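Multiple structures are listed underneath, in structure tokens.
In what follows, subunit A forms one complex with subunit B and a second complex with subunit C.
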Partner chain A sequence: MTRLAKIYLVAVLVFLYLPILVMMAMAFNRSALYEMPFTFDLVWFKALMENERLLQASWNSVWIAAVNAVIATALGTLAAYAFARYEFRLKGLLQLLLFPPITIPWLIIGISMLIFFFWVGIGRGLHAILLGHVALSLPYVIVVVGARLRDVSVQLEEAAATLGATPQQTFRRVTLPILAPGVIAAALFAFAVSFDQFVISYFLAAPGTSTLPVEIFTAIRKGFTPEINAISTIIILVSMSLMLLVARNYRFGGER
Partner chain B sequence: MNKQSRQAWTIFGLTAPAYFWLTITVLLPLTAMLYFSFLTATPIGGKEASFTLKHYIGFFEKHIYRYNAWRSIQLGLFVTSICLMLAYPAALGLAKVIKGRWREAIFLLIILPFWSNALVRTFSWTMVLREPFDILYTYPAIVIGLVHAYLPYAILTIYVSLQSIDDSLIEASRSLGATRWQAFYRIMLPLSMPGVLAGIFLIFVPVIGSFMEPRILGGKQAIMLGPIIESQFTALNNWPLGAALSFIMLAIVLIILGISTPLIKPYLEKSS
Partner chain C sequence: MSRVDVEGATKNYGPLKALDGVTIHFTDGEFFGLLGPSGSGKTTLLRAIAGFVELDTGAISFDGERVEAVPVHRRGIGMMFQSYALFPHLTVNENIAFGLDVRGTPRDEIAHRVQEMLTLVRLPGLGGRKPKQLSGGQQQRVALARALITRPKVLLLDEPLGALDRRLRQEMQVELREIQRETGITAIFVTHDQEEALTLSDRIAIINDGRLMQTGKPQEVYENPVSVFAAQFLGDSNILRGAAIDGGLRLADGTMIGTSGPCGGVAIVRPEKISVQGGLGAARGNALRGDVLQAVYTGASVTYRIRTAALGDVPLLAFAQNQTGELLSPGSAVTASWDAAHTVPVTP
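Take a look at the complex of A and B:
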């Protein structure tokens, strides 16, 4: 029984990883048309280093993901704190409003943003992409920080208050340090949500300036792709190590 | 200021920034899109536009849109059921058979790719499906790519609900004379239904709304609602029609989920 389960799970893992590994291998293959036999070469990584468009798009992606992580984590942590520490009438409604950004298909969210931003004059471009990414990251941040806040005992905060700390001091010196692992996990999470986001960026990108996934999509549609293998390999490795970091951080956070 | 109103201001101050942001980026845009779906033309750049229902009526009159919608629904049902069938045994093995380090390692390996870039993962299939299988740009290629994208969701949700089942329940049923199959069918399966249902919701909705996977893997076979809506905004510039088709897509999703929830509800009640 154990053996059978192991064999099946390994088969599932092969299905999940096979295409990714093939793509990574092809990034190091000399032939542009994915021809065999396999000849190891870094030619596509060198080509990537000279591809201004892709480099600029990568820079845009990292920059937007970082700013997005800061804004979404700040706004989300405040809201999560209100949900965890206060009872108020609109709470249920506000929590319900977190669902649309994650449950409505991104295609629909993306084009509704395009329509509205164009209509009111916000327009397209990196600023519009940032606006959209923060909206998508907020629900995740609120959930992740909220989960951590539930573990922080209210008594600690009350003890600080009894001992004469002002609410601001309590928040800064008691709540925030305990909350830190959750906040860091949420920030990494928000970074990943933004860095991987394609659909919304695709509709909000202005011609000429865009993020990495949008550039990759355009290149795939044009049909010439070995450099894309190289950049994709880098992206996969970065995303996966980022997520391992979140997993680690989260576990340690739980034990502290 | 009394205590109560000070607390009200604190709550307002804490939640207002996040919800102001969500209003500008989600609520107002959805409202604007609803408004646009009733217009004759895109009212940007001084163009005249008046009220019309033609985009909604057109959906029912023109065969092409219904055909695309049907293909989207079919794809959603197809991908969701394949995911559930592949995921259930995997989640079962992970939750109830495999223990210790192996479980931890396999679990992490399963959820890891689903946090990496969806576009890149879809693209990676173009290399595998090309040679020697030669099924790139076909319907099966779209299905394979989407199953690959959403399988981890299904494994995760089913695993969580299976893991919360107390093993002593199964031992009790076995000692009372149930066969292995009966113990599974009468106890485990109903108790794991919340996970299955969560999986259905998490997979079906995005698959119906997908356009990137059909475009990259399906080529000319990308005859579905998602790609059609996308092209109204990127190639054909008919924003009102695209907006109307988006709302029809939302309605389809809500109707199908509305129908399926009562069907699964008996299981949910049994388990709680």
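Take a look at the complex of A and C:
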């Protein structure tokens, strides 16, 4: 690598990670006003522990993300399987329709969901947020599982059938185990999509109950406190661990 | 161990006739080779017997019982795929046990029969490995053991040895044959490799364009092909075309050729049936004079291409045993001769 390229690489990394590192450092600084010198203190984490609203919102975020991951992964895996193995009417159109939700701005999706949910009587609240997140995560799951499904040769399923396995047994004992890394990666993806989601959650949250990103946004509008740094630090650590898990289970675009 | 009957099997894929009224009766315990060029319909026929392909019309029965409505997993077949299709997430033992496992066979019986199978396919001691850790030949044997453990009525093999190199393939041919005899199972296999078909099969069928061209023992089909296609697809042959006369045919230059039976104007002779001699002396009944176009020395035999007035542009192909150690050089005048009995009338 040339010298210039190295400098460029370092610049990019600094640009990406320095703000995050500064924020994480400030979570451990006693001063509320980013004052130097740096004095190590866990005061903001203690304050966080006493902040009921923030804790409740965190808990909401976690269980919505988890339930969303389970539902979206189950539905998405079955959909990906149907796309890969069966021919049906309008298959091409349906596959095409998967992608716009990824590209349409969340703001617009959020507003349309809010209007639609009110219109059909679902209303706002955590259940509405969950519903919105499932709809949002499905395309990601289908794409991730579908990519992995290309590695499961049809001949393996045919071989299982000749050996006396029913279609259900074949799916459970052959397809699913081989597909597992893709399914796990998709579940972690779905978890992350939901956990990080702000815009849609913001529109669908009922007053008083919301998810962590929405709560952080509300808190900042009232006035910034370093508790936000503390909770953000925790989220970053959790997200990074999830990413590591995904990377371990799923090699993007190639064979393991 | 079963009889398999296919009656008037027809399958169309759009305008393409993959199977066009094929009728074959596979007898109990025989090793049957389906031979044909790619796209001939042989694989479609095998997959129809397995249950992966639904026929448009026609009947398939195992031991007299119709099976068209029976789904693959209840047909009681064993199948070997060209890619082996071993389950990558299971060990050798688990792969072999799969068929019994899904039937809910008791654990100790499974263990016992897996061991039996490992012995049968000569792989003892490798049960704990994953398929990836095995060589191509070993994977082949695992696939065979897995297919046989359920004691299927019929074993279907789709180009079973296609992925192996030549040497290993010949070894596996012998073993496959032995194991098939030991188990007495009816086996139907698809191949485009004519040598493999001849070596392995009790009987073969030649299929082309979805139609059955000829069925019989390998020797029968090879020695007495009924059509130009069968003669050319199975082995090499010289095609003799002329006017039908009593007892044979008259070639373009007027040479009379005796045939083994009544001839409609086309006959074939296998290159190895032809003797080639320098000069004009004919050793046997049918003779063509010409000169050597090309002589390829391969040690045990010599392949000659001979230009003759009778055949015009198409050279006569002859495989001569290397008995004298001498080579007839290109350009020399020779006489190629063979018996009328080896001149087989065929349909064009």
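One rule holds for everything that comes next: the second predicted complex is superposed on the first by the 249 of 256 C-alpha atoms of A that agree within 3 Å, B and C clash if a C-alpha of one lies under 4 Å from a C-alpha of the other, contacts with A are read in each partner's own complex, and residues count from 1 in each chain.
Rule of thumb we're sticking to: contacts are C-beta pairs under 8 Å (C-beta built on N, C-alpha and C of every residue); 3 or more make two chains touch, one makes a residue touch a chain.
Not measured: the values here are computed from a predicted model.
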> So, on subunit A, is it clash or fit between subunit B and subunit C?
Replying inline: fit
>> Looking at A:112, would you say it contacts subunit B, subunit C, both, or neither? Reply first, second, both or neither.
In response: first
> So, does A:163 touch the first partner subunit B, the second partner subunit C, both, or neither?
Replying inline: second
> Angle subunit B-subunit A-subunit C between C-alpha centres, in steps of 10 degrees?
Replying inline: 90
>> A:93 in the overlay: touching subunit B, subunit C, both, or neither? Say first, second, both or neither.
In response: neither
> Does the superposition put A:78 against subunit B (first), subunit C (second), both, or neither?
Replying inline: first
> In the superposed arrangement, does A:240 touch subunit B (first), subunit C (second), both or neither?
Replying inline: first
>> Touch test for A:153: subunit B only (first), subunit C only (second), both, or neither?
In response: second
> Among the partners subunit B and subunit C, which is in contact with a greater number of residues of subunit A?
Replying inline: B
> Which partner does A:174 reach: the first (subunit B), the second (subunit C), both, or neither?
Replying inline: second
> With the two complexes overlaid on chain A, what is the closest approach of subunit B to subunit C, counting only CA atoms, in Å?
Replying inline: 8
> Which residues of subunit A are in contact with subunit B in one complex and with subunit C in the other?
Replying inline: none
>> For the complex, give me every residue of subunit B touching subunit A.
In response: 7-8, 10-11, 13-15, 17-19, 21-22, 24-30, 32-33, 36, 43-44, 86, 89-90, 92-94, 97-98, 102, 106, 108-110, 112-113, 115-121, 123-128, 130-131, 148, 151-152, 155, 201, 205-206, 208-212, 215-216, 226, 229-230, 233, 239, 242-243, 246, 249-250, 253
>> Can you tell me which positions in subunit C touch subunit A when the two form their complex?
In response: 50-52, 71-79, 81, 83, 85-89, 98-99, 101-103, 146-147, 150, 156
>> Under the stated contact criterion, what part of subunit A meets subunit C in this complex?
In response: 153, 155-156, 158-167, 169-170, 173-174, 177-178
> Which part of subunit A faces subunit B closely enough to touch in the complex?
Replying inline: 1-2, 4-6, 8-9, 12-13, 15-20, 22-23, 26, 34, 74-76, 78-79, 81-83, 86, 88, 94, 97-98, 100-101, 103-109, 111-119, 131-132, 134-135, 138, 142, 192, 195-196, 198-199, 202-203, 213, 216-217, 220-221, 225, 228-229, 232, 235-236, 239-240, 242-244, 247
